[in-house]
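Dumping the structure here so I can ask a few things about it.
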């Protein structure tokens, strides 16, 4: 019941056809990923009811939003939408824009207004008109407004594109908590693999309007990794087992291995998703105790592939499958071969979420 | 002569005052960096002549653009501007938008049209109207249009915000070459430290409308590093000394040390800027030859600072000053202290530009 | 030259008529303009042309046909009689109907343009913020097409004040009931009482100039904004 | 009822006048509207009010004053005589001047609104693409305010076709020179020749309806677009 | 409700004076509307609430009678109009000016106004119809014709004598009173609109019109009264 079922076939232009038939989880953050022009915005617009599509069907959490001739009007769909482009009401101040959403908020316990305003740092801007805001300011107000309508489904189209790093760092964990605490599912369009792997529980990959892949982030991590030639990575699902406040570290268990990682306020028992860039894993034949690299996992080489200018090494370890990217020279130097035993070294700092 | 001299004091609103007095280099890429609302867009608008400011003065490459009552009109300033928001002419097709710039291009050898169109991947869109483009597509057309006017100064306001990773990776080196080959200075507004350090030769940091810092990227690297709590880094200036095509690696000389790094089409003799994240440097007491870490530099601990949840270690090496971020536990384990000698380990893969 | 009682009555009547007509025009013109700006039906073009049609007929001719239509044998006349309202020509409400018909294009056009200029985005945003169509219309369309409403009101009001041919025909020049300033000036001219015509014209010009100046002031805010939205 | 030669001459003259006036209105109205949309001078409001002023005077009264002003003793008359153009009343060009004066607000208003709606951004972009002010005006302002131009042309043309009071006053009803269709219909009505009035009115209505329908078609493209720019 | 009287433009001035005096003497309020006779016929046909109609000719009251809208037997000539050629600024030389080099000749539209058709008769009698035709400018009614001349846009024009009379005397010297044999007499008739004859003020007004005072006013504007010498 708790799912988003989508089936549509939309001919947007002569060249572009968006055709999807898929079921997305009705909770957590689903990342929608794909190149520019692959149909991400069009998909969100369809879900919101802004993009008509005859013959399509859409069911959200058991509620039929579109089927046959039946179609729920946009304003009857309990959603919040952060548009890709600026979309503030030009005739209202920032305060007016926020109030517009508050007055029409869906019933239920929402996120408190002051918290949202503070989080997005817009308290100083409340009296300004949108025209007098900077690009990032406008975007933040738009996010706040979408949250204030207290939606049951949040659609976000590259919401952080024009936010600075600091705000991003503040907002991402918040968004992460949002769906955990309030159980609001989020469909999140992004170009950034970092954002994607950090946030998304589930991923939908589009390519030229077609579904390229879909699945949990762990399932897709290899495929996703390869989608980013510059930053292949692997994902480990782990659970916090112990906290070491004196070192600002925690221990986390991934399968049967224990890993050190920075303590970013993690609680014991909390589940974690570790996103490890292949280039952050180094390989060593010996287990060297005298370095600053805390995580040294015994591992076995499963495959060695030369990609372009480097070597991708797939490893199995008792923490799970790992992916390391090393230079051709190192591969030669270490005489890497399938079945070889060695140590995979990962700096704890590389595991910061 | 070859400089951009800016002096302005602009009261934009009751709360916001942009006051600058600075000289920027007239070549290379100058990154303009600062939080949302710090005045980056306003500065670009002033330079373009779009934001009037009485009493300000501006000289670009010896040519007075504004001084006293004298003011060069916008269309007489040989610049190209990529706006922060979509800014295509709605009444013209993509082709029409590009032709608008081509017809009015400044004299001189520009970048060939087919090259620009191909680079930005917009050949399939030429007949479309802007309204039928996706967000990223619009942005790419806007960049192409700004390049086609053959400017002597390029102003770019977060041009890559809505571009996907792949395009970004293609475009960034291109932009890098642009100013080297055509000697067009670029003022580049960005929120992304990665973009900044990768691209910029010079950096202007704004904070609430005031100059926070300015200088070459090397000079500012520490300050910039600290501006990004999540990703402190250091910068080494190096020169390619040898190419090792069999390994897809090159050797580069930084001060008296030689480093291995991936060969991304680098030529011998080419100058390089290496941007090394502090968390990518691990420390080891011994010089371990059996690992995949190619770069192991003898180094001396210059300072050890505990920051928040980790330890920042400043090192001197014969490659230059280095910055490593390690866990408190590792610091304790290695008994780190000022003056200590050890090895700084850097994966070659971490040095990819 | 002081104004006669007749002149004063005519001025008062003109203001009353123009205000009534402007209000009715906005009430009728708004839904028409909105429908025109939103519909994609093939109906749209004929309706738009129909609304603009009163423009091309000479006012006296329009007045003549209105007179026929609203007369005892005309369809409107039969209808109003059936309603028990009697006949409209030569009454204040007859003037109202005629003026509304005649000035409708001047109100619908600017409203239509302003509404079209809003674009879809603000409406889409409002819909995602749970605003019903009616709510969107009130809270988004109306405020964003304010310049259009001001233009529409000015054109509608001014055109009714200056209107003459229709009014002359269906009004019948009855003092204090259908004799407007425009007709009064015309009468002065016809009776060769030029000085009276001059002073009444001058008064109307000055008054209108001041009204227009004030309205310009109200609509001024919409300038001096930055280019983006 | 077939049309008489007089009717045909009147139709031809009307089309000629309306076309001429529309062209001149657009030529005069465009710079005025542009100036009004760009200026921040305190001058703006009085000028805007002045442009709208012809709206509030009854056309016959405007015609009366134009007759006096363009006569041998009037300022315009003295000027045209000094220029060696002779006197304007009772000539085709006199009608043109009167109609232009009378219809100017209907052209300036939609142009002004359309130009204001463009916003600053497209002009800023064009300036950074090395377009001079004149170039920007031609290549950005004109195409982007196309809906305004269409409305302006329709209102200007239709209003001239339907205009009557002014023409009656300064035209002198000279066949094939100043006797327009509107005057001709009026004459039929006055002379109680209703059937001729009917057929000529019907013809005008049908013709105008078709013209308006076609114009709507031209301006249709501007709808059905997505919300963003 | 006042007595509503529709009056052809040429008779505006005398009617104003008559009604003024009538109101004073009788206490009945009178409301006057001036305009072209043809327009009044259209209006009255469609229910305009006039009680009396003073036309500029005989055919229009007749049309109302024929339509059964006017009270049978109420049609009566109230004045006979006089045509003048007026040429401000020069001597009309007993009409000889019509042979000279003028630019524009103003006359009322002969289809609409009896003064216009009278002017056409004059020109026909003088054999000037064809030669003058190209220089005609036609007013919608006689008031407009007057304005054409008065504003100087037409050097000469045929207007109603009543328009040039003030306090019983001609305002201007440059006139030629067209001899009555050159045009058929301009009989101006009035009718009572049906039902209005029952009103006391209607009867009182019609009676007042017969009074010497009213006759005096009408004559002072240059009209001839029926039964009088032309």
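Here are a few things to note about the model shown:
To keep things simple, chains are lettered A, B, C, D and E as they appear, and every chain counts its residues starting from 1.
Quick note on the criterion: a contact is a pair of C-beta atoms (placed from the backbone, for glycine too) under 8 Å apart; a residue touches a chain by one contact, two chains touch by 3 or more.
Here's who's who by UniProt: A, B = Molybdenum ABC transporter ATP-binding protein; C, D = Molybdenum transport system permease.
Nothing here was measured: the structure is a model prediction, and the numbers come from that model.
Shared contact partners of chain D and chain E comprise C. Farthest from chain B in terms of Cα centroid separation is E. With chains reduced to the mean position of their C-alpha atoms, the one farthest from chain A is E. In this assembly, the C-alpha centroid of chain A lies 56 Å from the C-alpha centroid of chain C.
Once the centre of each chain is set as its mean CA position, chain A and chain E turn out to be 92 Å apart. Per-chain CA centroids place chain C at a distance of 19 Å from chain D. Residues of chain A in contact with two or more other chains: 85-86, 132. Residues of chain D in contact with at least two other chains: 64, 121-122, 124, 186, 189, 225-226, 228-229. Taken residue by residue, chain E touches two or more other chains at 39, 42, 147, whereas all remaining positions touch fewer. Against chain B, in their complex, chain D makes its touches with residues 121-122, 124-133, 135-136, 139-140, 143-144, 146, 225-226, 228-229.
Within the complex formed with chain D, the residues of chain B that make contact are 48-50, 73-75, 78-81, 83, 85-92, 100-101, 104-106, 129-132, 145-146, 149.
Put simply, chain A touches chain B in their complex at residues 12-13, 15, 34-37, 40-41, 84-86, 124, 128, 132-137, 140, 157-158, 161-167, 169, 191-193, 228-230, 244, 246-249, 260, 262-264, 279-280, 282-286, 288, 290-294, 308-310, 324-334, 345, 347-350, 352. Residue ranges of chain D in contact with chain C, taken from their complex: 37, 40, 44-46, 48-50, 52-61, 64-65, 105-106, 109-110, 113-114, 116-117, 119-124, 147-148, 151, 154-155, 158-159, 161-165, 182-183, 185-186, 189, 197, 201, 204-205, 208-209, 212-213, 216-217, 220, 222-229.
Residues 64, 67-68, 70-74, 77, 87, 89-90, 168-169, 172-174, 186-187, 189-192 of chain D are the ones that touch chain E when the two sit in their complex.
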